[in-house]
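Presented below are the structures under discussion, each in the form of structure tokens.
In what comes next, subunit A is part of two complexes: it sits with subunit B in the first one and with subunit C in the second one.
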Partner chain A sequence: MIDSRQHESTLLEVNNLNVDFNTREGIARVLNGVSFSLQPGEVLGIVGESGCGKSMTALSIMGLVPNPPGKVVGGKIIYDGENLLECTPERMRKIRGNHISMIFQEPMTALNPVIRIGDQITESLLLHQKLSHDDAIDKATELLREVHVPLPEKRIHEFPHQLSGGMRQRVMIAIALACEPSILIADEPTTALDVTVQAQVFDLLLELRQERKMAIILITHDMGAIAEMAGRVLVMYAGRVIETATVDDILQKPEHPYTQGLISCVPILHMGSDTERKSLNEIPGIVPSLTSLGHGCAFEPRCQSRLPRCAIDMPITFDTDTDHKTACWLFEQR
Partner chain B sequence: MNKQAEVIKADNPAREVWRLFLRNWSARLGLFIMVLIILVSIFGPGIYAVDPFSIRGAPFTPPGVDSNVPWGTDHVGRDILAGMLGGGRATLAVGLSAAVMTITIGLVVGAFSGYYGGLVDEILMRITEFFQVLPSLILAMVLVALFTPSLEMIAIAIGIAAWQSTARLTRGEFLRLRELEYVKASRTIGASDSRLMWVIILPNALPPLIISATLIIGVAILFEAGLSFLGLGDPNVMSWGLMIGSSKEYIFDSWWATAFPGTAIFLAVLSVSLIGDGLNDALNPKLRNR
Partner chain C sequence: MVSVLKILGERIAFALAVIFSVLILNFILIRLAPGDPASVIAGESGGITQEIIDAIRKEYGLDLPMHEQLGIYLGNAIKGDLGYSYYFNTPVVELVISYMWPTILLIVVATVMALILGTVFGVIASRKPDGWLSNFLTVFSLIGYSAPPFWTGMLLIICFAFILPWFPVSGYSDVTLDVGPLGHALDILHHLILPSITLALIYLAQYSRLARASMLEVMGSDYIRTARAKGLSESVVFFKHGLRNAVLPIITITGLHFGNILSGAVLVEAVFNWPGLGTLAFDSLLRRDYSTILGLLFFSAVMTIVANLMTDLCYRIADPRIKIKKR
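Let's turn to the complex of A and B:
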């Protein structure tokens, strides 16, 4: 239950979102009843294995589900009192970049190689805000300074191939931030970067969130990134949200067997001389094909603590604690 | 932040392509011939001011006999040199404008087809295939025969007959590029379809299109020559094809009347092909270190 006071301050609310993909093997439900809400200024982490629907959730919010083969078949995405799924394409274009922005995984390929950095940053300023070209260039220089790119006056005249990976990711962030969006979706923003550069990018994102009161949706499979950045975490599996909790709860007392498995898969770095080197845990089995899901829990075939009914009934979501929700039959009695 | 690591030497990509282009001797040769032909066509008729249609000497005068007509005359006594100079202009003009026509049609069809995909792609590609199975020279002949055989009409006819390969090439590039992250990134900041097509994708699709545009100039020159040879050219404008066409029956009596314009066409098409090949090597990074 969401009480009304909390509801009023909600920035983005995704309600029972369903997305289908037409594949050769049949219809795959890539998002199945995904619901969550985002408060202003919060960092929401979305974790899960490849193909669990993390990126598709982001694309649905942006209204960029590739169609065909994909199609949003149900649900609501409420931003600022407006259902984004019912917007006209023109309205959606105004929201993209201006209110909700996105940064991508590969800074190497996410910048246009034939357009100068400055012109790429000013693109959204010129599209959404009626700035003159000179003002937009000034703003772009300012943005580059804000994301800590050295010598911004020089950089705006350069092409992407003249920048390093970390610098390109900063430029990407500058582009996404140009119109001061209230939501930034970061789809695995650091996967392609060195660890040291990763840490810098995370610091930058947190700093910008602080300054601009911007909410961030961080999509990743990196638990370390979640621990460092997120306030609340959504765990997804096979197109469903299976657990929602604060980051401390997820890391310290994960409830869903899948989340527990996920946490135990993370290697531990601080090994003293007294600790023995243990082999890493793994979750046995593979992610099921989305076209051949049965009626039961999608994780049931891989689950260590499965119940007889798990194979038959889809688990509903239980409130197990304040701000902790788990979709697993193990928690029914509580 | 370490500043010196960020200072990467800036290299202008256009200059780099130019340097690679010039490193290739065949491309240099092609460029040399092409520049020569263009200069002669532009300034030649001004310096050697003779009407190519006027009768200047006895018919079948061989080259080097009469100093009044240094390259000889054809079967009615028209000056071959004047025809060569004047015909160069017409041939180049038709070749160039036909190439522009071809590229324009092919680019628009290919861009829409590749960008939108689905039904749009299906319809446009079927139309392209329809034009592809028609023999293009015959299609151009029919178009010219139906309308007035002016230089503009010939250029348009060649454009309509030869745009299919450009359309397919453009479509392929757009199909590849529209899935790239920087195109998606532009979409996420709210760029419109037309902006994505012409500002974001097109510049990245240009290298193969520039190469094909160059080669199409050669094809267009050959088309114009072929049409003129068959008597479908503009009878009021001297062109190399027209010269060959009108002298073809006397080829054993006056070889020079066909050999000179024939060689000129050969050299023009060869130079265009060499330039296209050189551009391909320079613009395609995979071939750079050959």
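Let's turn to the complex of A and C:
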């Protein structure tokens, strides 16, 4: 595991990111003051219930927030000394798919149904690396072999519908890896797959991380995978980062009541296809509507340990330990 | 490859079965018509003598039992004999072939016009789903769809043949001109413009609405997000990843519309006095020239089947998923 305490050269820094969505009920603050950093080669896990803004965080980094209805309304995303929120669309296209790539949740629909696998992989090679067509095809075959797709020479001539879900996700990973990015964002890469295939895809990501030394932002519900792969973990709730810590701290001494709720029912913390994987625990209550958040903590209505002020004041983020930050009033005295 | 051939074989077998059914339907229709089948076949063109009636009775074996009559009828059809028009004094097949080309010209030009312009309008409109072009297309397609072609045809004639005398009022070509083959072709084109616009208008608006909806849906799909995530330029995303998927439903609809276009052509031909199958069908109906009408019925069934086969083929080329999935 990468030691997360060495901050010598931050690769990506997200600072106070705010994203708004125009919805029928009004303006929803989908991301609210999201801040974190990513070191080279680090695996950062992002966890949280559905709708808490994990995908939006990823899409903001990629510059792919659907606009309209969404809009990045504030903050900074510094990659390699450059604020991605201020660079031109042309510059952003040079970074996307080249320095920062992303794999998505739905392998069944994420590939273009009418374009051959080979073409879909070579596209970014031809664009960013200016390879010749033949070299690009060779590289694509090589990539497919690397992500363990059987018969890669044959597969590059096939269409997505001829592959299974797991194979398609491998193809997606090959596409994302094509230009050897320094950051790979994997947004719930296994949610749509069978349990055994999930384990294979995580094993593949783990293997690739060790070989390529790239940084990974891993968004998943699979705490087993987080335990196995991640160095640090962000816990998100209603568009905010409510706790950040090393993976061991998050799993062994979670501080925020929400994190404790998430973790409380995860007995098996190691990976393997034969062990049963445990997903995030269900916490009673529902995630509040983002258009009608009050002034206080968004988790307050569901919180077992709430204080009177939680309903009135938004908690600030407290440094509770080395590399452990929690946004909860319970930790004010420390 | 094997599966493609197999599916093609199935399709052709199916087409043959449909053609066979149309022939049987024709056969029954003649027998169901009131009166002596021989005089039905002869038609009501006048000047039919008893000798002709007798000859027909002999040729079609009308004294024989039904199944033998059917055998004779089918045998003739297979040999390419669809009967004889006593009005024109010509075999129906020859008649149909000589009237066929103007109709094919009209249909092809109108379809291509509707398809290309419709797709272009729809795709442009999809860039701004609430823009003026989108709103215009909505109204326009309602008008185009509900206005009967003879009304639009008349309107176009009044505007662009009388008030602004740019185009001829009707007909296929001007026989009084002596301008050589190229001039003749240009003359036909000149005559073709108003009728083909009239026919295209029915579908143009529909296709552009469809193209707009299809493009909007495709541009919101996951693989478009993947394409953007690769850093591709917006035009590559739009044309390579978007448009190719968006045209699939338009191709299908065009194929399915072929029968409608053919019947639309009948009306348009009647308005513009365009000497095609529509005019022939219209006139033959008025004359009760059954042989010709049934021949046309058979022929349009064949044309529709061929058009559907061709659509299927185009669709297979455009959409790789169809190759292994049976529809």
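Rule of thumb we're sticking to: the second predicted complex is superposed on the first by the 308 of 334 C-alpha atoms of A that agree within 3 Å, B and C clash if a C-alpha of one lies under 4 Å from a C-alpha of the other, contacts with A are read in each partner's own complex, and residues count from 1 in each chain.
Following the convention adopted for this analysis, a contact is a pair of C-beta atoms (placed from the backbone, for glycine too) under 8 Å apart; a residue touches a chain by one contact, two chains touch by 3 or more.
Here the structure is a predicted model, which means the values were calculated and not measured.
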Fit or clash - subunit C, subunit B, common subunit A: clash
First (subunit B), second (subunit C), both or neither touched by A:P113: both
Subunit A residues touched - subunit C or subunit B, whichever exceeds: B
First, second, both or neither for A:A327, with subunit B first and subunit C second: neither
First (subunit B), second (subunit C), both or neither touched by A:P150: first
Subunit B versus subunit C as contact partner of A:N98, first or second or both or neither: both
Subunit B versus subunit C as contact partner of A:M167, first or second or both or neither: first
Touching partner for A:E123 - first (subunit B), second (subunit C), both, neither: both
Subunit B versus subunit C as contact partner of A:M62, first or second or both or neither: both
Subunit B/subunit C common contact set on subunit A: 62, 64, 93-98, 101-102, 104, 106, 109-115, 123-124, 127-128, 159, 162, 172, 175
Subunit A residues touching subunit C - in the complex, by the definition given at the top: 62, 64, 92-98, 101-102, 104, 106, 109-116, 123-124, 127-128, 159, 161-162, 172, 175
Subunit A residues touching subunit B - in the complex, by the definition given at the top: 62, 64, 68, 93-98, 101-102, 104-106, 109-115, 123-124, 127-128, 148, 150-151, 158-159, 162-164, 167, 172, 175-176, 178-179
Residues of subunit B touching subunit A in the complex: 1, 3, 5-6, 8, 10, 13, 118, 180-192, 200, 203-204
Contact footprint of subunit A on subunit C as seen in their complex: 221-223, 225-233, 240-241, 244-245, 248, 318-321, 324-325
